[in-house]
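Same chain, two partners: chain A is paired with chain B first, then with chain C.
Let's turn to the complex of A and B:
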């Protein structure tokens, strides 16, 4: 077997799970941790979404301004966005073969999730701080 | 023949089965790919929920516009479908994590737990609909109130 002596990655690092994906098992574990954390958060979110269908602006903002709902909503956003970001990352890695396209798509969607997540959390905080009693 | 042309001949003759357009995938394979598809659909759902909250943050007008778009009979059905997709993905996620622990990795078990996941998704969707549908106690109250009004008149 040909040895690549020029690599700055040590053999130990190679053995510790840096395979064809170029990163270790941290991603896999994070996908599972966010999955488990999302069980209660998702149950709460689905129940809330169904209850909030068609409610007025005042009802919605009063609901979101309650500390418990605001905190759960922020946790839901952080956890689920992270889970979705990790999940869609794997899909792109699997299906986009071209290196440049893949990297651009990966960076673009990461920035997209960060921007959307910040916008949602900002909106939640704004409602919580201005509409709360 | 050189080794290179040899390789090309072998490649050309290689069978393509299972060809996805004609091959009827087994139930376990359909469920496998649908975990990925539901993950993508749910990501789209997440974007929609985000727009709802952002609209509320922008103020009453933006909120009302958004609500008039997402509170129609059709979108109510879409929300129900979203819940089903979510519970399906959740059930299948449990299945994935049990497999990671080495539990249930036989074909027989996979078919059985796959059926369980579908039952779980239908049952949870029905439960959430029943819990939030305004068609149990609330309607009863309205009827009682209505009766009360008529009596006093």
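Let's turn to the complex of A and C:
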């Protein structure tokens, strides 16, 4: 609801706006849980990248095709993209004041992270199901 | 987008220099922000040279000295001069604090004073606090009960009273609403129309933990909002700037914890 410049409204009406959205706790919790979950997952990812230096394409795909590595890789991608989606949402809400622009940006980046996540997980599964023993 | 630069007519310019009438050994320069709605001039910093032997030890003493002896048009709020009314909150040497509690000798070099950041200026060092006051009204800072009113005071155990006052007198009830904290918070700068800010959230917390108040759930419901509460990103400027040594950041964290608890 946008007030035009000629409205005469009280400061209380202005700050109360449309009232409380009654959500926010879920987002806050999810951001913290994914942050904590990313500690072991990122350690595993960094360790793996380190160990896989110089391996051939076949060696790499064989490594990724093992169930444990494939599952951890999918969890890593899901957790990272979900956390990134939550985090960038906060940045957009902080800095983009225009409602229409903000809403379009929020929807667009959510779709972007979903698409990216699906693409990466599809790739992992494809390798896991075709290159495995 | 959030606005990061000042509009052209708000750029601060160099102002006038007022040398001290009597030179002495303890001289100090005060750079005071000046702006008047009565003319079209840009804001400016006026330079006041003050002989510290002629005024009291606090920054407030110095600006009262300027108003009394040098330039009576200098405008600022002050009342109790002992840190209990919260009127003389301003930005001194880059930090929001109360002029009456800030010793001049804590400031190295020139003492630069501007109004509380990111609020509209009424005149000189006087900011427009109508939005923060309206936000305070919006959290209904009074006791709400359903139980029939007793014929005497509503009783509270000493332990419960201590939650409000703190064992060291630094509980949430110690807030004097000077708004040093809210106006030091970047989140409040960018979204001050929707984010309630640390001062108001500290006061909301003060009523949420009042053992006599019976509207705890409704108060939490009203606060659960991406903007009203969750614009707080634990930057902690609020706690750093509080001239009464209160901890608004902790109060906000406690509110967020209760939100989690409320979900079961």
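Note that in this section the second predicted complex is superposed on the first by the 108 of 133 C-alpha atoms of A that agree within 3 Å, B and C clash if a C-alpha of one lies under 4 Å from a C-alpha of the other, contacts with A are read in each partner's own complex, and residues count from 1 in each chain.
By our rule, a contact is a pair of C-beta atoms (placed from the backbone, for glycine too) under 8 Å apart; a residue touches a chain by one contact, two chains touch by 3 or more.
What you see is a predicted model; the values in this text were computed from it and never measured.
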A:49 contacts which: chain B (first), chain C (second), both, neither?
first
Determine, under the contact definition given at the top, whether A:57 touches first (chain B), second (chain C), both, or neither.
first
In the superposed arrangement, which partner chain does A:126 touch: chain B (first), chain C (second), both, or neither?
first
Is A:81 touching the first partner chain B, the second partner chain C, both, or neither of them?
first
Identify the partner contact of A:27: answer first if only chain B is touched, second if only chain C is, both if each is, neither if none is.
second
Touch check for A:11: first (chain B), second (chain C), both, or neither?
second
Using the superposition described at the top, determine whether chain B or chain C touches more residues of chain A.
B
Taking the superposition on A as described, I'd like to know which of chain B and chain C A:97 touches: first, second, both or neither.
second
For a test of understanding, state which residues of chain A touch chain B in their complex under the given definition.
32, 35-36, 39, 42, 45-47, 49-51, 53-55, 57, 60-61, 64, 73, 77, 80-81, 84, 87-88, 91, 116, 119-120, 122-124, 126-127
Which stretch or stretches of chain A touch chain C in the complex?
10-12, 14-17, 20-25, 27-29, 90, 93-98
In the complex, the residues of chain C that touch chain A are 1-2, 130-131, 133-135, 137-138, 187, 190-191, 193-194, 221-231, 233, 256, 259-260, 262-263
What residues on chain B touch chain A, complex-wise?
36, 39-40, 42-43, 46-47, 49-50, 53-54, 56-58, 60, 63-64, 67, 70-71, 76, 79, 83, 86, 90, 93, 97, 100, 128-129, 131-132
